[in-house]
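There are two complexes below, and they share subunit A, which is joined by subunit B in the first and by subunit C in the second.
Right, the complex of A and B next:
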């Protein structure tokens, strides 16, 4: 039999046949690894979770005309939006504003992509229905108060197109929008309808973008658009991006702090358990020394047991840690969490290192044991 | 030929003189018993002979080499290569089978050999109990495993501390028969005991009193 085979037989026998003792140690390592891997998973998933949460507060980047232009060119906008990573786009809503009249009273009409508005402004409260297609509009609460319209009512919209020619067209109110903001003074219709009334297309006043990204990424996008697209000026919606950044930073700092404290507590817990496990085996260490085992050999055996224990505990910790993180995520953020494969080696390395270290210190002192004293039972 | 020589050995712990001016030789192939009341210095003498302690004064010559000034690390090597230890409380590793307990001594010495370890157990009549854990063995059986472990590396000297101290009469008989066979095969045995019947089986009995050799008795058997 090879020496290595006997070595593995000894360390595995120690773990398997001393089940009750080793289960306590394994439990200590596994609990530590569980909390650690769970917290790290949450730490790295917070930006994604909270980013999605913040997207319900509206757009975080807008494009407005630049270089002295009074309007955005649709082609330039397309170029600008090309700088946003496709996977980060929650919604992009273009807006064109024109003055129109209803019963000779002036109102502001906004032509937009209403499907995108649903994504960029999920906080809008709509009574009735969102417009299903051409000829239907959403009207703001302030407009309703002035002209007394209800969902299903038809009204005539009039005005002057860009050629100075008058137009008049009937629209149906599909819903009434309440936001608590300036949007309540607008009439929202499909962009193509407004372009049809005005007699031209490809002209926009503002484009609202809702992007699931950190403030740093948003700054980078804005920088790239500013440098590369002449007629588009990007602006970060600071009240959203800054508060998002602040909350995320503080939340991550909190979880980071908790993770570090838990890591320290885990180290102390595992070290104490391992010290107790080693201390109760002083007689065995004395016997091995009496049989002629070198200190190096004894340290190697205990270290082997510790590493095996750390590995097993770490593996258990990865699985239980993900379940822990998933439970926290579902209960706190109401979303599932994504598994980080890199966490497997990371948790294993940390568990093995902590357990190994926790074993090494007491074993080193235990090898100073005089075999004669231990074997006499003193 | 002398295998072991203790030359003017003393061991002093603080103000306590555990051993004083001990001169003793053990011939190769001899069976020697060390007897004495509690506190007479038996255990101290066994520790010095077994390379688990060093004398305060004097020289210990084992196999022609003075080992009294060797380092702890070096003494561990000497213990591994030249001495087979048998303990009163057996001291088997609880999570290893009888066979694995014997193989542990091989592992620290050179190379584990399962077949040879099994033969050692068969020699002490435990071939059929090789896969049992110490907790599944009787006291007598555990002591026999301890003897098999002590013999596995063919030591120059077998050092037994009260080998029958924890055994009933039947098992004492079995263990003494094994010792007789070992002696017959040429092994050098030093037994520390308080039992006159065990001591009588040896060729000579050294009686210690207050850390000194009170007398040496040549046994007639």
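Right, the complex of A and C next:
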């Protein structure tokens, strides 16, 4: 018991007496640990964060009518979307297409949930406003080129409904949509408006889902939907899913390699600093040996100091590293980062091991030397 | 005498100086590697994002909407609008020619599968086409490199396979077509027998189409030398306010702004330049790809920038820490120098010269090691070399100099303020 108290007193007093040097060492360890925990946190969170960025490419899973049906049933779609984990859904936009006429010229009208479209197709460029409620529509750039309309204009939409009766209704243009794709030839209106015009509801042509998940998970979802819901055929949008996989793998590999390189270099930096701090105490080691201390007890003492330093630095690093990762995540992705609890012990162990090792090497060589030579100076 | 002392210090403390040089080299290599990778990551990720396919669609003026709107590709009342195949090479002569990675022309036609009533969309295209440019260069381009996500059973066509076809999985499924079968296509009075070399699953509308080499489609549709659209894959700069205004109307810009816009690789300026070299063409950015590319590129660059800053700060602190530790350790020596009558400034210069020489040696070694690290990262992640930017050299040099000075000056001052007698006595 007494022996242990003495041991602790020696370690703590050595740390306190040599405050400035120990601060230097502690700082080195803390920097290393900060970089370790910060970079590893970022590395683990990259797929999730970047994956969400990749959702700007739009829908990655679509539901189309299955079997011989020509349309989707809204109830069946609800059943199908039930298979998608709610927390992964970025947006689900249903579409219904009908032919309508403006000034006796035929156009395609798409009824949809425009709030969801905003989420599934963030790349749409709308000049003007997104429609706020019923009665206002978005029109595609190509439609604009054929009939001169600008935001705020009112036009009459006519056609025949499901029962063969003709209708005509006034709509206001709230915005013009540019995508560079086929969407530019459509008139987008709230689904309820189109259903009101056509006189029936619950019928859809296609449902676009934007899901934040890997290709594997999407395949599973598609498989489940295909098996359990008869009238819905799920299809992966290969261009989006496949390419996302390729690019994301590369990005992750990049961050991985960078992390490894940075960690390696930082660890060596920490080790050299620790070595310098310890090497300077050769005289102290010589004095202890001259007083009759055994090599083992000297090594034990230095190791104890190293471990204490490593532990303190590691703890500091865990906190600072998380703060750093959080800053990066908020600046880059505007989202907070998920905390990896496993990183606390990992960082602690690594920093303790590295400081311990870095202390041991110079102490070893110092203890091998004859105390008389060390004490006399080199 | 001064240099002899410096030399003496190096010889006497070889081990310690080596350790400092080594640490500085590590820090410098880290800085050089990270800066090089960071400066090049935009280009590299941009290349990777090309797997999403084309970001510009070139169509003939006025023909853009008929097919999509009514499903009427040709026939009475439709004025046929096409682009000339012979003009496509011009695309590699524009200002940003270097940024055009790939392009593929398409000729669409409606054909009948013999023994079936239904019409199928036939698309003639380049699969992997060798093109000799007017500039004397040559280029290999085509669909195979632009549709990397296609899942092909059988094999991709080559451009010489004029009697072969690739069939979309939905068409194939409906008509029971297998790889190796022969299909007969009818268009008006013209018929052609083709061998099915591959069946593809593209996960989109393309699965409803049959792809053949361009000459075959031109012959079947009787449209020699014409194409109906061109998909272009170009490396672009993310849009900013200027690009957005220019996209609305290039004439609304002042002459100076227009020059900046024209000479920046915005998707809109590349489109504008394509329209200049191809008669009666409209080039449109495919926003789904162009916009998302910009967003992802910006995020990646910002991420790399922050990681670089972290590692630079980390290595800077690490180095100055070590320098401080090694200067502190020389308290006895400095005390002795003072005791024999040396003044403060020569001592400062002596220690600083030693440390700076070490730093220069370490920095140079580290810079080259850093280039090595950058190339390792480039090759293992992107499979291509990282461009070495000369501007990294002054950055690394300044960083190393600052860090060593910041690490040594405060500690030297501290040591000079101590009394020689106390130091020599050992506290």
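Everything below uses one rule, namely that the second predicted complex is superposed on the first by the 314 of 378 C-alpha atoms of A that agree within 3 Å, B and C clash if a C-alpha of one lies under 4 Å from a C-alpha of the other, contacts with A are read in each partner's own complex, and residues count from 1 in each chain.
Here is the rule we go by: a contact is a pair of C-beta atoms (placed from the backbone, for glycine too) under 8 Å apart; a residue touches a chain by one contact, two chains touch by 3 or more.
Small disclaimer: the values here were computed from a predicted structure and weren't measured.
Chemist: Output check: A:273 vs subunit B and subunit C. Expected answer is one of first, second, both, neither. What do you get?
Modeler: A:273: touches subunit C, not subunit B.
Chemist: In the superposed arrangement, does A:372 touch subunit B (first), subunit C (second), both or neither?
Modeler: first
Chemist: Tell me which partner touches more residues of subunit A in the superposed arrangement, subunit B or subunit C.
Modeler: C
Chemist: With both complexes overlaid on chain A, does A:14 touch subunit B (first), subunit C (second), both or neither?
Modeler: So A:14 only meets subunit B here.
Chemist: Of the two partner chains, subunit B (first) and subunit C (second), which one does A:171 touch, if any: first, second, both, or neither?
Modeler: Neither partner.
Chemist: After the superposition on A, what does A:332 contact: first (subunit B), second (subunit C), both or neither?
Modeler: In the superposed model, A:332 contacts subunit C only, not subunit B.
Chemist: Looking at the overlay, what does A:302 touch: subunit B (first), subunit C (second), both, or neither?
Modeler: So A:302 meets neither subunit B nor subunit C here.
Chemist: Which holds for A:288: it touches subunit B only (first), subunit C only (second), both, or neither?
Modeler: The answer is first: A:288 touches subunit B but not subunit C.
Chemist: Which holds for A:3: it touches subunit B only (first), subunit C only (second), both, or neither?
Modeler: Only subunit B is touched by A:3; subunit C is not.
Chemist: Quick check on my understanding: which residues of subunit A belong to both its subunit B contact set and its subunit C contact set?
Modeler: Common to the two interfaces on subunit A: residues 283.
Chemist: In the complex of these two chains, what residues of subunit A are touching subunit B?
Modeler: Going by the criterion above, the answer is residues 1-3, 5-7, 9-10, 13-14, 16-18, 283-284, 287-295, 297, 370-372, 375-377.
Chemist: Across the complex, what residues on subunit B touch subunit A?
Modeler: 43, 47, 50, 52-53, 73, 76-77, 79-81, 85, 87, 89, 91, 93-96, 100, 103-105, 107-109, 111-114, 133, 149
Chemist: If we count contacts the way the header does, which residues on subunit A are in touch with subunit C in the complex?
Modeler: Subunit A residues touching subunit C: 20-21, 24-25, 27-28, 31-32, 34-35, 38-39, 42, 46, 50, 53-54, 56-58, 106-108, 121-125, 127, 142, 145-146, 178-182, 185, 235-243, 246-247, 250-251, 253-255, 257-258, 261-262, 265-266, 268-270, 272-273, 275-277, 279-280, 283, 324, 327-328, 331-333.
Chemist: Given the complex with subunit A, which residues does subunit C contribute to the contact?
Modeler: Touching subunit A from subunit C are residues 16, 19, 22-23, 26-27, 29-30, 33-34, 37, 41, 45, 48-49, 51-53, 57, 64-65, 68-70, 148-151, 201-204, 248, 284-292, 295-296, 299-300, 302-304, 306-307, 310-311, 314-315, 317-319, 321-322, 324-326, 328-329, 373, 376-377, 380-382, 426.
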